[in-house]
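Two complexes come next, and they have one chain in common, subunit A, joined by subunit B in the first and subunit C in the second.
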Partner chain A sequence: MDNREATIKRFSDLLRDNRNRIEKNSAGLLNSFREEAIKQFAELGLPDRKNESYKYTNLEPWFNANYKSYFVPEAADFRAAENFKCEVTDLDSYNLVLLNGFPPRYNGIMAGLPEGIWVGSLTEAAERYPGIVEKHYGKYAHNGKDGLIPLNTALASDGVFVYMEKGITLHKPIQIINLVHSDGDMFVQHRNLIIVEDNAELPIIVCDHALSPQKFLTNAVTEVYVGENAHFDILRVQNEHNNAAKLTHTFIHQEKSSHAVSNNITLHGGLVRNSTYHRLNGEGAECNAFGLYFTDRWQHVDNFVSIDHASPNCISNQLFKGVLDDYATGAFNGRILVNKGAQKTLAYQKNNTILLTDDAKMDSKPQLEIYADDVKCSHGATIGQLDEDALFYLRSRGIDKNEARLMLMFGFAREVIDNIHTEALRERIDELVLKRLRGELSRCTTCTINCDK
Partner chain B sequence: MQRVYPKFCIFVCYLFGLNTINGTITGFHLLALGGLRFNTMREEMGKEQDKLISKVTSGEYKYGFYTDIDLDIIPKGLNEDVIKQISAKKQEPDWMLEFRLKAYKAWLGKKMPEWAHLNIPEINYQDIVYYAAPKQKATMKSLDEVDPLLLDTFNKLGIPLEEQKRLTGVAVDAVMDSVSVKTTFKETLAELGIIFCSFSEAVREHPDLVKKYMGTVVPYTDNYFAALNSAVFSDGSFCYIPKGVRCPMELSTYFRINAAHTGQFERTLIVAEDDSYVSYLEGCTAPMRDEHQLHAAIVEIIVEKNAEVKYSTVQNWYPGDKEGKGGVFNFVTKRGICRGENSKISWAQVETGSAITWKYPSCILRGDNSTGEFYSVAVTNNHQQADTGTKMIHIGKNTRSIIVSKGISAGKSQNSYRGLVKMLKNASNARNFSQCDSLLLGDECGAHTFPYIEVDNQTSIVEHEATTSKIGEDQIFYCNQRGISNEDAVRLIVNGYAKEVLNKLPMEFAVEAQKLLEISLEGSVG
Partner chain C sequence: MLQIVNLKVEIEGKEILKGISLNVKKGEIHAIMGPNGSGKSTLASVLAGKDFGDITEGKITYMGKNLLEMAAEDRSKEGIFLGFQYPTEIPGVSMVNFMKTALNEHRKYRGLEPLSSSDFLKLMREKKDLVKIESGLTNRSVNEGFSGGEKKRNEIFQMAILEPKLAILDETDSGLDIDALRIVANGVNQLKTPENATIVITHYQRLLDYIIPDVVHVLYDGKIVKTGGKELAVELEKKGYDWIKKDVDIVSYG
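Then we have the complex of A and B:
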């Protein structure tokens, strides 16, 4: 039996052996998808490097490791987790803490939330509002080639559910603090569903952190429905240690005249793979996909973006920038698909990367697939280093070399940060990035966990 | 554009299917020999181009005739015996047969590649004739001995095989149905030490050179079609430029598939020694047939220190009819290696024919300071499919490469650019710039870009940009306003769009290419 089959068998067995436990913790609707999903996973297997969209990311060592737990067995202590001070805590927001992929179950009543918004556990919501969840669950997360998505559908038992009624506007963002904490190595799978009904507006911030030095593997799928004329904004800040692998798949389905922004800011993480899918399903929809990544040591960050222009008159824009240091590797895979009939499409894509050392490596794959003629599409990718002339300019004005480099890198990153519209948040990210570039964010120097052996 | 040729250089020009302007071209040569500069000729050429453009009104494939010539055929099918027969017919030495058999074994173990953005119908490799040679006497001293029907074919194509057309001709190695028919100007070239002959002749007469270089750039294990070609290739061209020689004329190979059910598998090997230079042209046509014909070629280029090879292709295989019936499958592996310092390879291609094109002329930049260039115009119309691009592998320091790819899709065709730029760890200060633009003419066609960029060192700079758009209504309006009809406006714009690449082709080739562009797009504007 080769490796691929062994992995398939391992996960199929995992579901079979723990089915009762998973299903008891989950809702009937979610359970009804498992059988089909595990079959699909058995067909696809884990994406390996022969899979075109995983060409530059090797998942195998992470999946071959033996994890102590795959499901949360005992009641997690959310109070302890809530005491964790997130890097963005001073921001005025509604906070929700997820521990190992599980939200607290408090019937969706979050202090101070205006009416018409429901935030809480997906399992709980599936039982309370089966109509709403059934309409959207499992409808958008389709790739056809990525086995990780059916794997998540088969094994995940809970996650975040956010529901915005028609016409509701939320001015303060909802902040989801995603923590992993365990005594042993852990494989986390959670499934989120976000529904923004017509004319509603929802900003979300997701912060990913690891609290203990164990090996973590997270495989998270998020489905988002953005109704007509609705606005949705998701900002993800990832700051985990080098033993943590984070695989996120975000599917954003957009209806007519809707507007969505996704932004992934990766500060630290052993292996990070963010797959972002925007489907522009209604005329006049617009989306922006942004990303910023900083890596050092042996870290690897892979951003995969797929923009599917299914309707005419839509606009999409992608901007991904990054700085790679030490032995770090990065990958970018951006795809613009303009379907037949999606006339008057405007689609832009840009990926810029700076390599700081000869050992850093970047692979970039910007793609255009166009089946309509009245379109304007462009993409650009550059990989290079800091501009010697600019460095000289700064140094000739008495700025020391390190500071000059820092200024240039920060200026480079600023183009992405500028797209964050909430001022408080933008300032906070500015600060975080600056800290990151100075090397102050790497907690390894100050913390006793010493995960980076 | 101001390009000045040294006076001592013989001006040569290569044409096919351009009988209409032969007279003028000859005139050019007289002018050229008189030492006049290029730009004067360019003006003349401009007028001539206008005439040409006005002549292009019907869009049928004009090379679709078939010549009934006696053929020496090995029956359909592929197995070790067939390969042995091919080898025997060509009176090849044992090492060559061994190479073929090894390649055949490698091919058996390979699968048809599926990664390209192409929809390829299943190919029955047992239903193809792998060897079809025009029957002729073993040796020919003069043209009189060549089958007159064969000469007629080449006359129809406008290939100046005849020696008396010396002034209008380049050194041509014409390959018909896989067998090299005639190489012209051999003696002139031999004086300079240049070897330019058919591949089988090279195997017989220069076995050391062939042994030394064959398969070093494209090994038979390289890919499915390279393995197939290595096993069954019937002929091709061999070109060797010795140290310090600047080849005084453009060398050219002309390919034609004539017989039905045959595949064409030719192999080209070009070796440029230190400080040498050669410009090489390649053209191809095929008759119109309802069935698909397979063409799987290999081109290998080896460039030593300070040498330069320029390789231009105008590919005009039969593209199939309007419903997508028939046409040539063009699956070609082309690769060059810059082995020495300061060496240079330049690919220029105009791809207008073939039902399916699968072709990636690549450069391995191993020598320090070496340069790779790739200029391409790929046009697809009706049901044609093209997946073409390049690979630039930067190994040496200060290596540079430039990629300019212009895709034009019309009708129901699919046109993809697929390219790789790879900077290895030691390629410090390497530089690449890529630009791939797509133009869409029609709402049923597709244009796609699949660039791969892999950078493994911090001092190299890679830039890639691509755009896709259609011809702007404002541009058409601007032309209309000045009394230019819709159709002419589109031609004008397409020509301007492709100019950057056409400029890289040798002069007369550029005219031919421009004309081809127009024929290929005929009927797609509306």
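Then we have the complex of A and C:
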């Protein structure tokens, strides 16, 4: 049996051995997907480097470790989570803390939430609102080549569910804080579903943190439905440690005239792979996919973006920038698919990376597939060093070399940060990025548990 | 204030400066003129501390210190200012943050407390009037999307904030129309005190109608071939650089 088969067997066994526990803790609807999903995973296996979209990312070492799997949350675990104060928490937002992928279950009644919004556990929601969940669950998370998605469907028992009724506007963001905390190495899976009905507006912030130094592997799938003329904004801030791998798959399905923004800001993480999918399903839909990544030491960050122009008159824009230090590596793969009927498409893509050392390495790959003839698409990628002339200009005014380098890096990142429209949040991200560049950002600055390894 | 003795600089094996000697005292304005490619900008960059080329011979003493041993940022904090011929565009770095950081570095060096944001903005407003720079420009990224004239005015604006002891203005007049030229020259003149000195590098005599030099040097082929009073600039304008070239070439071939 080769490695691939061994991995498949390992995860199939994991489901078989724990199926009772998982299913008891989950909802009937979620359970009904498991059998099929594990079959699909068995066919696909883990994506390896032969898979075009994983060409630059080697997952194998992260999967060939002995993890404890966390299927059922224990009440005691939430105590650590409650003590955690996220860097972004002083922001005026509705907070929800997930521990090892599990939201607290409190019937979706979050203090202070306006009417027409439900936030809570997906499993709970599937029992309470079967019609709504059934209509959307498992409908958008499809790739066909990525075995990590059916693996999540097979094994995840819960996650966040957010529901916004038609026409409801939420001005304060919902903040989802993902914490991993364990006394042994752990494999975490969770599954989120977010539904923004027609004409509704929802801003979400997701913060990823690791609270203990153990090895963590997270495989999270999020499905998002954005109804007609609805607005959805998701900003993810990743700040885990070098011993943590974070694999996220975010599928954003957009109906007519909807707007969606995704922004992945990676500050720390041993291995980070963000797959972001926007499907522009209805005419006149628009999306922005942003990303900002900073890596050092042996860290690796891979952003995969797929924009599916399924309808005419849609606009998409991708902007990903990053700074790589030491031996760090990075990858960007931006796919734009313009279907045959998607005339008058506008699609843009830009990826710029600065390498601070000779050993840092970046792979950038545009992937445009255009089957319509009346479209405007552009893409550009640069990989370079800090501008020496700019550096001298700053120094010639009395700014020392380190500070000048920092200003240039920060200036470089600004283009992405400036797209965050909420001022308080933008300032917070500014501060975090600056701290990151100064090397002052520990994994979790305000955390009392020292997990710096 | 500044003594340059027999300065020789090579860039990629080619000798660009071939033994420059220059003495600038406080309160003086020196003009360095010369045709394109004579080494004017190289001299300016070497003085500001740009890391390029090899200094093969000579020494530069500034305020009694060996200038060549000082990093670019320290030269600035010691009072040297280079007005760039081609100011660099720096996207994402705001003018306000740039100048505030620079000024506070200077203050720190002199043992002063950093300026508060409100005091700094007040200072910026004062200095903006000097070069008639639009408020909008200082809210933008450094030089990004500035016109040629705006970039040059921005150089003088920075000079006004940092109040250097020795300002080196490299072709500050190039690309300026007559109104902009007047504004820039006026800015330079207002910043002039008996305690500081200015080196004006220019191709044309035009700027020297507004900034009256005490000494004029002609740089040609990496050497100072003529030094005189302000009348030298007028003579140059009349006779052109060929007059100098001929003289020098006769000497070197004869």
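Quick note on the criterion: the second predicted complex is superposed on the first by the 435 of 453 C-alpha atoms of A that agree within 3 Å, B and C clash if a C-alpha of one lies under 4 Å from a C-alpha of the other, contacts with A are read in each partner's own complex, and residues count from 1 in each chain.
Methods note: a residue touches a chain if its C-beta (ideal position, glycine included) is under 8 Å from a C-beta of that chain, and two chains touch if they have at least 3 such contacts.
Everything quoted here is computed from the prediction, not taken from an experiment.
In the superposition on chain A, contact of A:K340 is made with subunit B only, not with subunit C. Once chain A of one complex is fitted onto chain A of the other, the partner contacts of A:F412 are limited to subunit C, with no touch recorded for subunit B.
When the shared chain is aligned, subunit B comes close enough to touch A:Y371, but subunit C does not.
By the touch criterion defined above, A:K361 lies against subunit B but remains apart from subunit C after alignment on the C-alpha atoms of chain A. Once chain A of one complex is fitted onto chain A of the other, the partner contacts of A:R395 are limited to subunit C, with no touch recorded for subunit B.
More subunit A residues lie in contact with B than with the other chain of the pair subunit B and subunit C.
In the superposed model, A:D326 lies in contact with neither subunit B nor subunit C. Shared interface residues of subunit A (contacting subunit B in one complex, subunit C in the other): none. Subunit C meets subunit A in the complex at residues 48-51, 71-73, 75-77, 81-82, 84, 87-93, 97-99, 101-102, 105-106, 109, 141-142, 158, 162. Here subunit B touches subunit A in the complex through residues 115, 117, 423, 425, 428, 438, 440-470, going by the rule given at the top. Those residues of subunit A whose C-beta lies close enough to touch subunit C in the complex are 387, 389-390, 392-401, 403-404, 407-408, 410-415.
Across the complex, subunit A meets subunit B through its residues 52, 340-341, 343, 353, 355-358, 360-385.
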